[in-house]
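Multiple structures follow.
First chain A sits with chain B, and in the next complex the same chain sits with chain C.
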Partner chain A sequence: MSAFLTGAFLATLVAALFATRLYRLLMWYALNSLALGLLALLIGSGLNDPALIISGVLTLLLKAGVIPLVLKRLTQRFALTRQVTPDIKVHYAVVLIPAILVFTFYLAEPIGRMVGGNANSVAVAISSLFLALLLMMEHRNVAPKIIGFLMMENALFLLGTTATGGMPMLVELGIFFDLLIAIVVINLLFRREEAVE
Partner chain B sequence: MIAYAVTILFLLLAAPLLTGVIKSLKMVLLYKRPVSVFQGYRTFSKLLVKETMLSAESSQITRVAPYLVLSPLLVALLFLPPAVSGAWYVSFVDAFTLTGLLSLSTFFLMLLGLDSASSFGGMGSSREAFIAAMVEPAMVLTVFSVSMMAGDLGVGAAGVNLAHRFPAGHTASFVFAAISFFILLIAENGRIPVDNPETHLELTMVHESMILDLSGFYLALIETAASVKFVIFASLFASLFMPFGLELPLLAAFGVFALKLLLIALAVALIEVNTAKLRLFKVPNLLGIAIVFSFLSLITFYVLGA
Partner chain C sequence: MILFELIAPIVVMFALSFLHADRVRALLALSAFAIMLPAVQLLLQDKPFPLLGDYLIADRLNTYVLLLASVVGAGVALALMTLQRHVQVHPRAYFRFYRFFALFWVGLEMAILSNHMGLYWIGLEMATLSTVYMIKTNATRAAHKEAWNYMIVGAIAISLILFGIILIYAGAKPVLGEEAMYFTALLGAADRIPSPFLFEMGFAIVTVGMFVKMGFFPMNLWLANVERASFYPVAALFSGILESAIMVGFFRFSDVAKIVNFSHLAGFIFVYALLTMFVVAFLIYRAKDFMRLFSLSGIEHMALIALFWTSGGTFAALLHFGAHAFIKPALFLSTGVLESQGRYHIAGALRGYRGLKGKLFWFVVGLLMLAIVSLPPSPMFFSELYGFGSMIALAKSGHHLPAMIAAIVLLLFLLSIIFYRFVELYQSMKYEGEAVEKRVYGSELAALLLFAVGALALLLPFSLAFLRSIA
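Let's look at the complex of A and B:
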């Protein structure tokens, strides 16, 4: 089950790399967070760690529910362009994404050996980090870049959860507050973009 | 031996039925009065008695190509994984052979489109080549990856192995391969996000424009080939990606197999109703996802073992 959820996490990220519409991108982000939250719940209940379960529930509520909806609302309010075509052509992406995957899977091998149990999830987390960076790079508009940033945050959360068996609660809550601040900053950015246009 | 022959006969006979089921399911979902699910057989028998007209510009290829479109598919039908345990299967056929047979059929279909010397045919052929070029690598990788998981490169043996001992440790790469293969199923059979099998609109058609000039017996052959191709893909999906129910008693196993095929038809009908057709230059996005997922499946299996 854990392998399936990790796979779903990576799959939604790869699908997001090919999305050309903003709402579709938001949907992939929500599904990505859903897989992440369920994974956190699964690992948390396995370790019997209440802190991890709480952050899993928070992930499900905030990242899979609230943030996509808020972003959608903001997009509507500022009338942003919803057609976001990646700058990297599909023909190149088809070669580039597998190359990144292979590279990062081998890159993660020594770390995975160090971590032990969840070596696969660590590898997936590191490759998602790079893929989320690619998502930020391949778009010119602000909104998809922000989704790329949020996806990167998801990847870090996955790394933290699987590599260490749950970070301290304080750190996780700190990350969530960071995220809320990020949403506020995003709001300002959107206003700016509106002003420029 | 008997089970092997019966499976192939069943698939061959059920092929028009399956496409008919998709069509009538779609019509029900769109609140239209559905055509009969047996419409495929009626069209076939009607086309047999119709006169066969050939364009004056067409060469010998038009007379030969319809047979060559259908025959690789019929051969591929013999190589599919078995539907019941204990049935015969061909063990030496791997991903490359199967993909090669399917692309041989596509190649002759493209030749047929070019040969009629109408502008539609050439356009359809060029589009088909455009799609086929992206389908083939993904198809080879997907089938290869799933047969690696099963521990046997032969497709038939892979189906049997998967049903006997499901690789539970490799769920992630199995799901990646399944997603990729389902996209290929839609793309290769010209279903809606890639090609619309129902319209004859110049902007949208791929498969229909290649066979626009055919009539009578040749058209019947090509339509049979289209439905056989769908049944090949559906049965591959059923035995490789839904590997259960093989152990049941003979009749029950057949029933489960038929149910799986119906389930795939239902899924395709639901997708067709709910999505709009993609612009032709957006099709590589979808197929790009298929290629990346097939590669992802292989690399996840190899490097991570998940």
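Let's look at the complex of A and C:
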């Protein structure tokens, strides 16, 4: 089951790389977070770790629910461009993305032997980091860049849950808190943009 | 008690910023000064001094950095008092600046004083996000664009740091459990880390994140552009405080990496820093305005500090660090006056000052311009001598003496390019162009003098002895 969720995490990210509409991108982000949240719940209940379960629930609530909805409302309120075509053409992306995947699995190969058990998830987390960076790079508009940043945050969480069996509670809460501040700052930046116009 | 004293001025600053009354401006500056008090108190305590359990511990290294940061904060607050006479700033934006300045301080105190990798990161992230809004106090299109730029690139850099921290934590968790988050525990168990590969990969990613944030190769110009678009106090905060907080993290992580595998660490940092120096030296040669010039020179100094620290020249690195933390914000603050004729008027920037204040201003700025390129009385001259000495000492103990000498010759060549450019600019500022009258206000001069005295105080015997004791 955890292998399926890890796969779903990667698959949603790859799908997001090909999305050309903003709402579709938000949907892939929500699904990505859904897979992550379920994975955290699964591992947390396996390890009997309340901290991980709490962070899983928070992920489901915030990242799969609240944040995509808030971003959607921001898009409507500030009339952002919803047609977001990636700068990297599809036929290049089709080559580039598997190349990144192969490279990161190769990079993570020695780690896998050491961490034990979750070797694949660590490799997926590292490749998601690179793919999220690619998502930020291939778009000119600001909104998909923000989603790329959020996807990167998800990759960090995946690494935190799978490689370490959950970070200390304090750190996880701190990360959530900072994510919320980031959303507030993004909102303020958009609002100021309106004032500048 | 000290923890309370650290937090109280910040809370006061945050609360006062909501009043939007002209009368509270002086109080806001005063609250920034009040942070110096606990920093000095911490200096007098026995080390290590636990502030909050194992989470926040003050040792010699971070009290030194906190003291530097608090002095810079006070100087910036002084310069902020006359900000609206040099640039157009909306009163609301002014108070909002202080509101985010308070948040910035919360993050910084957390990052500088933390003994916990997670807390360090949370502090750094908070400081980064609050500066986004400080950039926005300048209500221009360029500032708006750069605020977004900072948000995105800063978030990438910060995420890389966290990614590395998680890998390091995963590497050390089998022996240390949840203790693996503490720098002290990590340092104590560095030779027992079961998977050094995991640690080194984490360290490399953390370092790349930190270096991106400070503008190392290949992201040399992004910080310069951000600082160009924002008001000059923001640039002073970046160079004096935020980079200090990042550097503290670099010192702590690299201390562990030294034990895990020294030759990998040295190779990585030397290649990265030399590459950065190479690019930055030529960018400085081409810089056409003060803001970019000082910003790029900040990258140069950070690269030198990383090199000295990695070579084992702790004293040299910390002396260089202190000198940079005082001289660079002073220069950034002086750009408010220097650029009062427009951005690209370098010729004649040091002419046209009248009265005692004006004369003192151009004299101090001239000295600082020459101090930043390590002309002898400057602390940077001594730190570079000691730093190169430690690089030679390192090479003698290994088998890389010719390579190290080549590296030092390259460094000296690049430093001489930078030196030439700064001296050329100084001459152009002083002897070319027309003398157009410029106004200098008391508070700016006070800030400059504060920084100049701070830089000189680094050379006092007891401060040198304190720096030596940190190693």
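Just so it is clear, the second predicted complex is superposed on the first by the 191 of 197 C-alpha atoms of A that agree within 3 Å, B and C clash if a C-alpha of one lies under 4 Å from a C-alpha of the other, contacts with A are read in each partner's own complex, and residues count from 1 in each chain.
Here, a residue touches a chain if its C-beta (ideal position, glycine included) is under 8 Å from a C-beta of that chain, and two chains touch if they have at least 3 such contacts.
Only a predicted model underlies this, so the values are computations on that prediction, with no experimental measurement involved.
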Once chain A of both complexes is superposed, is A:Pro168 in touch with chain B (first), chain C (second), both, or neither?
second
Contacts for A:Leu156 in the overlay, against chain B (first) and chain C (second): which applies, first, second, both or neither?
second
Given the touch rule stated above, what does A:Val90 touch, chain B (first), chain C (second), both, or neither?
first
Should A:Tyr106 be classified as contacting the first partner (chain B), the second (chain C), both, or neither?
first
Quick check on the superposed pair: does A:Arg191 touch chain B, chain C, both, or neither? Answer first, second, both or neither.
neither
Going by the contact rule set out at the top, does A:Arg21 touch chain B (first), chain C (second), both, or neither?
neither
Tell me which partner A:Arg77 touches in the superposition: chain B (first), chain C (second), both or neither.
neither
Looking at chain A, does chain C or chain B touch more of its residues?
C
Indicate the residue numbers of chain A shared between its chain B interface and its chain C interface, in ascending order.
none
Chain B contact footprint on chain A (complex, rising order):
1, 3-4, 6-8, 10-11, 14-15, 18, 20, 90-91, 93-94, 97-98, 101-102, 105-106, 109, 119-120, 123-124
In their shared complex, chain A is touched by residues of chain B numbered 169-173, 175-176, 179, 282, 284-285, 288-289, 291-293, 295-296, 299-300, 303-306
Per the contact definition, I'd like the list of chain A residues that touch chain C in the complex.
110-111, 114-115, 122, 129, 133, 136, 142, 145-146, 149, 152-153, 155-156, 159-160, 163-165, 167-168, 170-171, 174-175, 177-178, 181-182, 185-186, 188-189, 192-193, 195-196
In the complex, the residues of chain C that touch chain A are 116, 118-119, 121-122, 125-126, 129, 132-133, 136, 139, 141, 144, 147-148, 151-152, 155-156, 159, 162-163, 166-167, 169-171, 173, 178, 181, 194-195, 197-198, 201
